[in-house]
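Can you keep this structure in mind? I'll have questions shortly.
Labels run A, B and C following the written order; every chain starts at residue 1.
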Amino acid sequence: MTMNTIERPKRAPVPRATDTTLTRDYYVSQEIFEREIDKVFFKQWTFAGHVSQIPNVGDYFLHTFAGESLIIVRESAETVRAHFNVCRHRGSQLTKAGNGNVKLFVCPYHQWSYELNGGLRRAPMMPDGECIDYDKLALNPAAAEVWAGMIFVNLSPNPEQTLIEALGEPPAGLLKLEPENIKEICRDQLVMQGNWKTLLENYLECYHCAGSHPELGIAFDIQSSYDQTATWGGACFLGGEPVRKGLVTVSMTGDLVSKPLGRHSEDATLPLEVAEGLGLLPVLTRVLFHVDHAIIHVMNPLSVSEVQWTTIWYVRKDAVEGVDYETDRVVEVWRATNSEDKELCERNYKGVLSRTFVPGPLNPRAEGAVRPVLDHYLQMME
Amino acid sequence: MTMNTIERPKRAPVPRATDTTLTRDYYVSQEIFEREIDKVFFKQWTFAGHVSQIPNVGDYFLHTFAGESLIIVRESAETVRAHFNVCRHRGSQLTKAGNGNVKLFVCPYHQWSYELNGGLRRAPMMPDGECIDYDKLALNPAAAEVWAGMIFVNLSPNPEQTLIEALGEPPAGLLKLEPENIKEICRDQLVMQGNWKTLLENYLECYHCAGSHPELGIAFDIQSSYDQTATWGGACFLGGEPVRKGLVTVSMTGDLVSKPLGRHSEDATLPLEVAEGLGLLPVLTRVLFHVDHAIIHVMNPLSVSEVQWTTIWYVRKDAVEGVDYETDRVVEVWRATNSEDKELCERNYKGVLSRTFVPGPLNPRAEGAVRPVLDHYLQMME
Amino acid sequence: MTMNTIERPKRAPVPRATDTTLTRDYYVSQEIFEREIDKVFFKQWTFAGHVSQIPNVGDYFLHTFAGESLIIVRESAETVRAHFNVCRHRGSQLTKAGNGNVKLFVCPYHQWSYELNGGLRRAPMMPDGECIDYDKLALNPAAAEVWAGMIFVNLSPNPEQTLIEALGEPPAGLLKLEPENIKEICRDQLVMQGNWKTLLENYLECYHCAGSHPELGIAFDIQSSYDQTATWGGACFLGGEPVRKGLVTVSMTGDLVSKPLGRHSEDATLPLEVAEGLGLLPVLTRVLFHVDHAIIHVMNPLSVSEVQWTTIWYVRKDAVEGVDYETDRVVEVWRATNSEDKELCERNYKGVLSRTFVPGPLNPRAEGAVRPVLDHYLQMME
């Protein structure tokens, strides 16, 4: 069977791009997924929430990542902690309510109680020092850090790098947006039938944008995104979503969808093309700040063939719905884009499931970030 | 991160309790579950039904345990048999109806027929001795024994111990209740999302009762249950559910919910605190007789992460609904208790699924039965 | 426990039939299923569709087998091709529509486009010879052949045998029915909860027919089917479904259910007992032609414990619904038979799942084809 006999002009041989995505096993093997839990999911920083969710001491919320449930709690005005939601007695989850305010965490099974800092306060009928040492029975901690008003966690209690070591101090442009003075107005959660790296690769390139993302393309600058993504790699990077020349924000028109964030409310003339943010890799957290709103995407692997994709939208804390913003307008671009990407990724994954799948050549420019990020992942997996 | 800096009084060091439940693998590993099938589920006695279900020769019912379907059939006035519901030709299940009365079991696939005792009667177009020997093609047997009117089975055709060897003869107190003269009035089946041993541990201790079982606590004597469970272990034990001093039965008031069982109908004064019964381990069967009703709990492992919990309520055979008892009142305590335990166990199991789970110290008194029973289980697993 | 004490006459010992089906592992093991993918599903010919589905150049339809999606496309008047539905860039499925007409296949992800013959036509921003060689990036081919108007595929691009080598030229009796001049009038798809070989064994024997298939038994000649199946084995066989002496076709009455196919419309007297067809093994394709209609059964393994069974009915291309045939009458026999077999097979598989299952003796005459076909399967699995 001759497969390809169409006539076409031939050129002189030139160097070939050899970068590809990963072999099929990485997307379908249960063994590799188990390895990722240890080597990747328990090692990297990801977004857990915003300080506005827990303003007062004792405020907490539950956060789920890689199958683990964490209690994120404000211990004091200065300290936020993350505890694994697992009682040290027989292992019951301590709280089923998604959030609340407590003085102690009391296990619903046998009423062992824990301080906000995780220390065991009391085990009924088992006084400290009699048959057990309370000191050895504190809740298992995860690492938690607040950076520019955002709470990040690392399932490892002793990460190789603190987040501030990795990211540095928040840049001036971001601080001017006062990222702690925002509020969540909407949260979308999608479950995609695919491996999390299929979704990661989708996010890392905009080769597919022109053909698939009409809404995003209005104000998002695809060409300059190629230059930007070329610098991505490693565990994290700074920088937001490039806005087309002359536009104010990423929206369906390029115009404001809410009132300016932070100290920009005092600007005589609103700056154009504001794009602050950061990315955490390889399981993607992506934070995008524009002059009037912020968006945070968080990836959560559910299994080797399922990944949850959460998008949260924020506006200025004192903005008023119906006056300063319409939620529908704020979320319009990324809600449409997510929906398009879900379909693309799921169709991609169906193809990857074919036993004949071999990864093909990546576009050197438009897909320039894919391989460096996958290389960082492979290094973690060693 | 300092995890536990709260101030508390310290005592002199004392010996520490080191008993715990099992490591996480025992609750989540598919390999261990497969091993349990061979080493535990195919080796132990469990409750299958009551003689009142099959009064006449040829009466049968289907019973499911550990993924196996058994036909429990009355072969004669004296004999009850258990056959695996698997045709010896190509393996079809012989009957799909849950119960009935037959002269022969006729396979619906190719009409091989079997006697009540399991012997092959006829294979169409394959006369005995011509191309097959009927003698070698009887249904695979499981062991079945009737003890005090209750039918117990063991998936092994040759159990290490008969049930009567293990339990001894039914005690006088139980016989006075005439356990064969009862009838089933209600059956609840719950599926719990958890390993069967998580549910077992829940049943083995009443450390959680005060906080979670208000209905049970009315008439059930928690304190004396601690002494009782301290004696549990091995493959089985005798004894019922302790009733609070001065009460007649376990109900929402401690008063009768049906008329007295057996020869107690002749008692001038009704005895207090009647508590007969037995337990089979480690996959729990729990039989509880009070003076006016009986309850049987049966655990059936469905998978490494799912277990079925069946509770059956019985009253005196000649008791009349609406006159002698109201079903709703009879089932009230344990229906509520089961529902509470389901929630506790499922929340416990979610915590055990955390990769950070390690079993913590058991309460020496209130959880005294847990480790001995788990040790018996571990011995079977060797 | 004595299992079989019924009295029965004994005969002198005679040779015993020892043929059985396979040990339990072959029906339940995930490892064996994975091996089947490589050794069987990617090696054998199966039915994919009929030429009437793609009359014009560029017409295509999707076909699924063993988890693989294939594009079956008419490349030219003479050529039909099968391509794996997997883009050579990052692996996206190329088309989600079940069928259509195209000039090029354009990948919905990054718009790489492919010729009807599978050759890469254009990758946007990646000219041929610059960073990639288009010649090396044609769609992965499967083998496709047209035989008597039917399209067959083999997931291997280089099968050990072509279909025409295996089957030979279509026999005269079949050609007289003009198998290319038929049209599909109905398609039933069932998913059976069972291993595909349980369904295969069901099809290979009619020991169960008398007891379970009243509709089929009206016009289908069970006794002569025993002789016929005795010759089955290997990768394929020719021959149709035997019709009872004196009857015209397999229907609920033995009378015509549509007008005669092909050149039989010119017959002065309609021939009786027309039965042409073929079978492909071990994953069964079964083609049955009678004088007035055709039936094609196709098996598609979905997992170790699930198999899809598709039945398609065809009549003469120019037959008119309501005038020449009633679809309900054409499909009546096999729709009922499939439904009966589904129930038999699912009950059989439940028994095979028992850990006590051992395959029993096969009936030498009525189940004569089972073991030879399983032996062919075992040979492929080596």
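Brief remarks on what is shown
As a working rule, contacts are C-beta pairs under 8 Å (C-beta built on N, C-alpha and C of every residue); 3 or more make two chains touch, one makes a residue touch a chain.
As the structure is a computational prediction, the values presented were derived from the model and not from experiment.
The rotation that brings the Cα trace of chain A onto that of chain B spans 120°, given to the nearest 5. Where the sister copies chain A and chain C meet, the same residue numbers recur on both sides for under half of the interface positions. The distance from the centre of chain A to the centre of chain C, each centre being the mean of the chain's C-alpha atoms, comes to 47 Å. Of all residues in chain B, none touches two or more other chains. The residues of chain A lying in touch with chain C in their complex are 1-6, 8-17, 21, 201, 207-208, 211-212, 344, 347-348, 350-366. Contact residues of chain B toward chain C in the complex are 37, 42, 67-69, 81, 84-93, 96, 108-111, 115, 117-121, 123-135, 137-141, 143, 157.
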